[in-house]
Each structure stands twice: as C-alpha cells, then as structure tokens.
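Heads up, the next two complexes both have chain A, just with different partners, chain B and then chain C.
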Partner chain A sequence: MFGMRPWTVLRAVVAAIYVFMLGPIVITVLVSFNAGTRSVFPPDGWSLKWWAEALSEEWIDPILFSLQLASLAAILSCAVALPLAFGLTRHRFPGRNLVVLLVLGPLLLPTLATGLGLLRVFEFSGLIGSMGFWTLLIGHVVICIPFAVRTIAVSLHGLPSNVEAAAASLGASRMVVLVKIILPLIRNGLVAGALFAFIHSFTDINLSLFLARPGASPITVKILGFLEFGFAPTLAAVSAITLIIPLVLVLLVQRSARLGDFIYGERGA
Partner chain B sequence: MWTIDGQGAGRRLPLHWFLVGVPALFLLVFFVLPNAFLLSASVLKSENQVLTNQFTTENFTIFLTKKVYLLTILRTFVVGISVGLLVAFVSFPVSYFLVRTRSRFKGVLITLSLAPLLASVVVRTYGWYVLLDRFGFVNDVLLKLDAIQERIAFIPSTGGIIIGLAHALLPYGILTNLASLSAVNPNMERASMSLGANRTKTFLLVLLPNCMPGLVASFLLAFSISISAYATPAILGGYAAQTIATLIYAFIMQVLDWSLGAALGTILIVSTLAILYFSFRFGGKRAEV
Partner chain C sequence: MPDNVVLRLSGIEVRYGLTVAVEKLDLAVEEGEFVTLLGPSGCGKTTTLGVVAGFFEPSAGEVVLGGKPLVGLPPFRRNIGVVFQDYALFPHMTVAQNVAFGLKMRKVSTPEIERRVREILSLVRLGEFADRHPQHLSGGQRQRVALARALVIRPRLLLLDEPLSNLDLKLREELRLEIVGLQRQLGIATIFVTHDQTEALVMSDRIAVMKDGRIEQVDTPHGIYEKPVTKFVAEFIGSMTFVRAELVEPADEEGFGTARTAGGRIVPVRLDRAMARGLPVSIAIRPEKARLVRGNFTSNGIVSLPGRVVSVAYLGSRQEVRLDLEGGDRGMVETVADESQTFTRGEEVSLLAERQDCVAVPDSATVDGAASD
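For the complex of A and B:
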C-alpha cells in the first residue's frame, strides 16, 4: 500500500527499538545465571548459584513482604475505589470535578513528594517510632487509588444504569443489586483494577523510599540499598524474581479478563 | 433520622455523599494533608535538624546562590527535557508501526512493548549498568573493534541517567502515541498521496498535525515522571550526577534537613503542576474518570 521501501525502513527501526527496550531486561536475567562473581554480559559460563542465594531467607523475606503489601494495597484500594468510581460515574453533583482531581491527584503529583509528605505527617503525629508495614500500606493504597478508580470506572461506563433500575424496579434491594447484579457484571474491571494496583505497588520505589524501615522494607528498596555496595549477580537473580511475579499474574488474569480493553479505555476515557 | 437516598422520614442524605465522601476523606488525610505539610515545611527554618516555626525564604534562595545546588536543579530539567524528547520521538515510530501493521504478531508486539512496565525500575536499570560500566559490554565491544584504546566510564553520568530513564519510560510514550494515532484514519494519508503530495509532505502536513497532541502528551508525561524519578539517577548517576530527587533523599535521610528537602520537594510539585496546567491548556487532554 505504501510501496516496499519506507515500510521496510520503518520495520528495521522498530525492530532496533524493540532490542533497545527488551535488551537490558533480558541481560539482567541472563546475568543472574552467570558462573563468575561479577555481573558481566555475556556471562562467563552458567550456574544456578546466584539463584540459590536469591532464594535464601535474606531475600525471600522482603519478597514476601512486598507480596503481602501489594496484595493488601490492591484489595484495599479497590475497596476504596469501587464506591468512588460508582459515585463518579452514576452521579453528577457540585464539586464533582474537584473530587476527580483529588482521585487522580496521586497519579498527577510526584509520588516522591507524597512519600516525603507522609513521612512528615507520621513524624509530626509521633508515629515515627511505630512506622512499618501499616504506614507503608496507607501510602501504597493512596498511590494505587487512581489506577483502581479509572479501571473500575471504565467497566461501569460499559454497564448501562438501566440494569440497576430494572433490578430495583423488580424489587431488589440496594444490597442485592450490588452483590447480585453489579459486582458480577464488572468483575473483569475489578480484577484488572486490582492487578494494575498490585503491579503499581509491587514495582514502586519513590514512595517506599521514605516510608521503609529496617525490617519493614519492600524488595525494590532493599535491592536499591544493596546496589550501592556493588552489582552482585545475586541482585540480578532477585530482580528477575520480582519480574516473574507480576508477569505470571498478568498471564493468569489475561486468560479471563481482557486487560487491553482497560489500558485503552483508561487512555480514551 | 438520616436515611440514604431513601424516602424515609427526616432529612435525606444523597447516596453519592457517602460513596464519594468517605474515600475522599481518606485521600484528604493521607494525600492532600501530607503534600500541604511538605509545602509548608519548605518555608520553615530548621535548627539543629529540627523544624522550627520560623518563617523563612532562605530554603529557596540557598538553591539559587550555591552553584552545586543550582547545577543539580538545572541537570534535573535537562534530563527531563532530553528524556521527554527521546521518549516522544522514539516511541512514535513504534506506535505508528503498531497501529498500521497487518502482521499477525500485532497483539504479541503490543504486549511486548508494554511488558517492561511489569518490571520495577531496578530491574530495568540493572541491565544498563552491565552494559555501560567501565568493565561492561559496550566497553568490551568498542575495545575489540579498536574504536577506543582505553576503557571509558560511561556511568555515573548525566547521559547514563537520560538513557536509563528514556528506556524505562518508553512504554508510556508508546501507549500515549498509540491512542492518538489510532484516531487518525489511514485514508487521509492515501488521499493526500493520491492528490500528489509526496511522502515527506504527507507526513509533515497531514500525519504530524493530527498526532501532535499525542507527541506533546508523551513528552510532558515523560518529563514529569523523570524529574521526580529516584532509582535511575541513584544507580546511573550516583554522586557524580545528582538530581533533585537524589538530593532530596540525601537531605532528608542523611543530613536530616527537612527545610531544604521540603523546598526541593516544593520545586518538584510546582514544576509538575506547571506541566499539568500546560498540558490541560494546550494539549486538550482532560482528566476524566
């Protein structure tokens, strides 16, 4: 349709960009199988010893910590986001735009500043000594809310409000409408929202940086702290594990919910 | 008695008041309040690592008068602009290809382009260390090709930060440009060509004006994320090339100087708000839920 040449050139350029995009990630994974003690590419031979070290308690504990944090953050942010998304898609009220800005705020303003501000608030209220999992969780719920609200809102937009009206007119109570009609119909949106929130929380650094404490530190912050002392291949293996977890989750969810719809919907809404 | 949107006796409290009110309260306490605290701390004086109640503008003037700090702020914005431009222009051909291709691998290619978003920045930056380090892959290759005689330390450097961040933010650019390009009807390009315009003219006069909002949006998105990014500058820039984010970390966690840390945080917030204003005003993008 365009003749061969320019399209061929474009293909070559795009192929090069894909190598640029995926290369460093593939290299990180390959380096983790290195037999030598330095992180070099191409590896000086193959070995699983760094993976054995990565699977030791020292690294598994923070990975489990991050898993718990991200799972709870995903569930709680969806619990907060569901009524918000419902209120915003089904009702028009004065100050609605302000609420929209408030909800998208954590996505629009630098996460780093929110983390810093939260640390200041916890310090000010004397909670600094008891900071740990719960304070991190609060921060993570805050930064995950925009993702959850937007994704759930997309699925609510696709659900005609007649459905609720019909159920209500047939005598269903509000609770019955919610549990029996709405939730099953927006199941995919909820799952996708929880997944996006989970990934956002699991890969976060900018917020956790200021709220993490020794013994209560997500895996990303822990890796970052160790990188200061050098790029040991163990860290490559640990990094690879943190990449596998969201990847497996996405593949599992993709089987039932079409995530693409929500990514496009998110942009187009 | 209060009832929720019902016909019960007494005053009616609309349902949305509850739906929106309770979560909004959560965000007010844990999002708006912290940011307000941060902004206010930026005009308060610190004495012996403790924030006092004295008002001062010193926290900001010190950044303008000390060369090291001024350089750090400048570097941050240079990084932001470079990353923004790189992301906008490198992601554009990919998005264009993904929108127009008829390959049966289209779905796989789209997924692959977004897959890096699943990795934390640590994973995405680690590989760049292996490539750019003095004893890294790029040096090895250049030595073998006799292009260089001695090993060069590509990192830590500002250039390293720019490459690392552009790499990390590319998927956002692709996503943003995909949205704007998929709205451009391919027939417009065919019409332009059939009316005698050559490829360059068609690109410059037909395609580009139509997807300008996407290009601008991807620039602004990459810019605003990169000026407040911490991990990539910390790994690839280190102390040799500090940015606002790494300086904030040093102030708050190492020097324990809240005033200066908060002032730098304020600079980040204000810059981000300026970018947002700009993108709403000129990009025609509206925040919606």
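For the complex of A and C:
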C-alpha cells in the first residue's frame, strides 16, 4: 500500500467514505421494496406493499406534522437570525461576545442538554400541560438559529461596499435600503439559512424526544418508537420518504443559490 | 463670491475618539463650480465629503447647502448626488433600474422616469446598455452609469469620491474630460476628491490642498502651481527644487525680499505672503523655470546656486538633470536636450533662476508660524 502513489491512496479513501456514507442509504431504499415480511438484504423478491403502508394515515400524519414544524422553524429562525446577524456583523457593542456565545450555544451544546433545559423551562412556566406543536416549534427555532445566523452573516459580509450609502444618497430611507437593496442582495444567504434550518429541524430527534407528546410527534420520534418492535420493511419505506424530502429541497435550492459558498468559504451572495 | 455660494462648510471638525480626522475646515463652493479636495490618503478629504453627504456627523461645525443647514439631516433628505470609487452600483438591478432608483424614491411618474433615464443615459453614451446588468459592463461604463444615477435626480450638489482611481490611465484621461464636460453642461456645483495632482489640475476651477485634516491652500490650479503658500503644497503639486534658507529681508512693495541659503549665499526671493524676518523658509524653484550653466556663474538680480550633476535623465526632446547643491540640498532642472546642454555626472554647474521664479515658502504648515505640525 505504501508503494502506491499518494493520489491513488486519496482516491481510495474518498471512495471508501462514499461507500460508507451512501451504502446504508441505498440498502434502506432497496429493502423498502422487499416482498417478504422481514428486512433482509438482498431482498428476496420485489413488492410495493410496504410503500402502500408507509403512505397510510399512520405515517403520513407525522410526516406532515414534521413538514409543518420544519417549515415554520425555518421561517421563524431566519426572522430572528436576520437582526442578530446585522447586529453581530455591523456593530461592536458591550456584551457582543455573550450574544455570539448564546447564538452558537445550541450548536456547541448537545441537543439533549438543550432539550432537557427547555423541558424544565416549560415545566416551570406551567406550559407542561399544554405542550405540543408550539413548544416543539420554540425548541426547533432555538436549535436552528445558529445555522441561519451563519449564512446570513456570510451574505452580509459579501455585500458590495457603499451600495447602502449610494442608495441613501439617492433618497432611500433605512427601511427602503433594507427592503430594496439589502434583502435582495442577501437573498441567497436567507434561502440557504432557511434550507439548513429546515433540514436540521426535519431530521432532529434528540430535542424532539423531550418535547414531543402523543398526537404531537415528528416523524423521527415516531420512527424511533416503532423501532422497538423491530425493523419492519415499512420503516425502510418511511425512511426513504423522509430522505427524499430534504434531498429534493436541496436540489431545488442549489439551482439558484450555491450552497457550497456558505459551507466552504466566506464568499457571500 | 458672497451671493453665489451654494455650499458653505464652516469650522468642520471630525473626531474618532482621540484622532482628529478633520480640523477647523472652512470651504465655500459656488454655483456651477468644480472644487477639488486634493491630498494624500488619510488627509481627511473623503471624510469631509462624507460630512457633506451625511454619512458622518461632524463633531463641530456647520454645513449649509443652498441656505439650508444640513447637519443632523440624514443623507436621504439632502438631495446630493454621490459617485463612489468602486461605483457602488446595485448588482441586482439593470442599468436603467439603477438610474431610475433615485427618481422612484422621489415618486416621479413612470413616463417621466423613463424619459429622464433615457435622456441621461444617452448623455453618458450608454443608451443601448439600459437593460444590461452592471456586472456585464467595463469599469469605465460602470462609472458612467454611477454618474448618470447621481445626476438624474438633479441634485443640488455633486460629490465625486476618487471616481477615476479604479480605471486604467487611458480611460482615466478620457473620463476626466467627459466628467468636466457633463458638469459644465449641467452647471452643477461639484466637489471632487482625489490624490492625483494631474486630475486636480486638469479638472478643477479651484483646488483645496489638504494635509492632516486641514486645508493648506485653496486657489485656482494656476495659483496652486505658481504661488504655493506652504512647502507641502509646493511639494505635492509637480516637482520642485527646495533650498533651505532663512528670511533676511521681508517683502518690499513689489513683493521681493532676500534670503540666506544653507550654503551662506544671499539671494533675492519672491514672497507671496507677509513673513517675519529670520523665519526658516524653503526657496521653491520649478524645474522648468530653472536653467543650467557650466561652472560658477554670478549675476545681479539672478539667483545662482552652484552644485554638481548627480544624474541626467533623457526624455527625448527634454532632459531632467538632478543636482547636489551647495549646502546639501537637492536640485532638479528640466531643459531641452540639445548639444549645448550636455552635462555629465560630477560636472560643476550652476542652477540659475529669475527672482520671480524663486518663491520663499514657510517650512511649517501655517504661514504666520502660529501653529506648526
């Protein structure tokens, strides 16, 4: 192996990474078309019956629940992140580091800890009795904010200099500058932030475990609950559905905003 | 110029913490006038422009535009057109939309907007580029869009912040004339900020030379070049031979006095301002006003400074000869390059100049020596 050229080694490693990342996903999808009642690979025959089951009310309801939750969490976390990103990129103020820490907090702490903390808060504030969609939403917004702040801040950094001053000199008030100049120019950052927030919320299990209640469970919690009875091929089909939703979104967004800009570099919109 | 003043800055001061960016600045701009703020980077010229535009609030002083005080008024209520060095065009809008932006803000009717946008774009020769995005234009074209965008709102005043600095030389020379042409045609009072002395000389009605947040001199390009009042101004514009000296006799009624050079020579000098006897000065001589002769030459009424040739730079029809002058100063003479004027390194020569071409300027920033830098 040490006799091989370095590029060959690198290629092999990258290929191995892809196999380990994508392999299980491919297997899950294939298993969902299994004809038998057990989840085996390779499938011992082909059938769509598990997909029919996965599309029944029992599974579609929590999927729709998760979709609503993730969509709202994405929109709300961006709404909170926009002024936060503005403050953090444009101003030096006392306590700025504290705000940075608070914003990053959910990213640094185990989500389990955040979940436990939120549960205690809801308990103390007497909300524990009426927990459901809205309390889950609050939790999801909290854990999604760091992603949105990050992409929006990158966009704000990338704004061409003086365009705001130019707009102001032409007669635009600060509100008009925000709506007509800044928002269109940081659109990609907003879209990317919303997308990352959506995916983070849609795939979250750690936080949801603490905040979910019967009748108000995201799909991830539902899947985990079902796993106690073994890995039925239905689960493979459900998993495939939850896989397709974010994937389609990423592909749609990628057409207009280059998401890589927000992950690999400081290049803005 | 009392009645004709559009903009008056008085006692402007800008401080950032302990640093003073602009200090006690006074400036008046007349109707239709092209005034240039000229100075090295960090001299406070862009800050001064920002105060006029409303991007910075001065710590002290007044800005009055067309009889209306501006301090405290946000930029969007000032009706001042600004053109930036980096164009600052809106990348998400077409050329036409960029230009129309200011008119939309003024709630001008759509047909009127279309008419005025078309008019101004043809004026800057960009008629056929109306539907392009700025990214698809060259630097020169972008700057003309920025100019059109600032002019279309018919501002009371036009501010140009180093608008040519990002362009290459040839384009810069073209745009200089184009900007001045437009400015004359529209008759709009303009403040132009630059560090480029040639731009300032070519374009301006008057030049304000700035240093360390203060205006050293305001005058016509001719006045700045011919009658600099401080050593800094003399040095910043064009090349100059400086001879260190001390004032012996202040100006007579014709404006001439005498000075003693560092080499101990008593020479006649021109004095444009009253200066006290004994004041340390520099005698400033333009290279093109000086002549060169071999050997040691003396004559009454003519300034003659002996020295030694250090280098000769051949420029085709002309040549630049650098000298070490007696007393340790460095001299430069620009002469025609013909056979009668061949000089070699190390040769003993004399730099000759008429007394009206030898201007005594004080070494300190202020003429009276009341403050120094």
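FYI, the second predicted complex is superposed on the first by the 254 of 269 C-alpha atoms of A that agree within 3 Å, B and C clash if a C-alpha of one lies under 4 Å from a C-alpha of the other, contacts with A are read in each partner's own complex, and residues count from 1 in each chain.
Basically, a residue touches a chain if its C-beta (ideal position, glycine included) is under 8 Å from a C-beta of that chain, and two chains touch if they have at least 3 such contacts.
As the structure is a computational prediction, the values presented were derived from the model and not from experiment.
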| item | value |
| --- | --- |
| Simultaneous placement of chain C and chain B on chain A, clash or fit | fit |
| First (chain B), second (chain C), both or neither touched by A:I186 | neither |
| First, second, both or neither for A:L72, with chain B first and chain C second | neither |
| Partner chain(s) touched by A:L137 [first = chain B, second = chain C, both, neither] | neither |
| First (chain B), second (chain C), both or neither touched by A:S169 | second |
| Touched partner set for A:P160, first chain B, second chain C, both or neither | second |
| Touching partner for A:A212 - first (chain B), second (chain C), both, neither | neither |
| C-alpha centroid angle, chain C to chain B via chain A, nearest 10° | 100 |
| Of chain B and chain C, the chain that contacts the larger number of chain A residues | B |
| Touched partner set for A:L227, first chain B, second chain C, both or neither | first |
| Chain B versus chain C - smallest C-alpha distance in the overlay, whole Å | 6 |
| Those residues of chain A which chain B touches in one complex and chain C touches in the other | none |
| Complex contacts: residues of chain C adjacent to chain A | 53-55, 74-82, 84, 86, 88-92, 101-102, 105-106, 146, 149-150, 153 |
| Interfacial residue positions of chain A with respect to chain C in the complex | 160-163, 165-173, 176, 180-181, 184-185 |
| Contacting residues of chain B [partner chain A, same complex] | 14-16, 18-20, 22-24, 26-28, 30-38, 41, 90, 93-94, 96-97, 109-110, 112-131, 133, 135-137, 167, 170-171, 175-176, 178-179, 190, 199, 224, 227-231, 234-235, 245, 248-249, 252-253, 258, 261-262, 265, 268-269, 272-273, 276, 287-289 |
| In the complex, chain A residues that touch chain B | 1-2, 6, 10-11, 13-14, 17-18, 20-28, 31, 38-42, 80-81, 83-91, 93, 99-106, 108-114, 116-121, 124, 138-139, 141-142, 145, 149-150, 153, 199, 202-206, 209-210, 220, 223-224, 227, 231, 235-236, 239-240, 242-243, 246-247, 250, 260, 263-264, 267-269 |
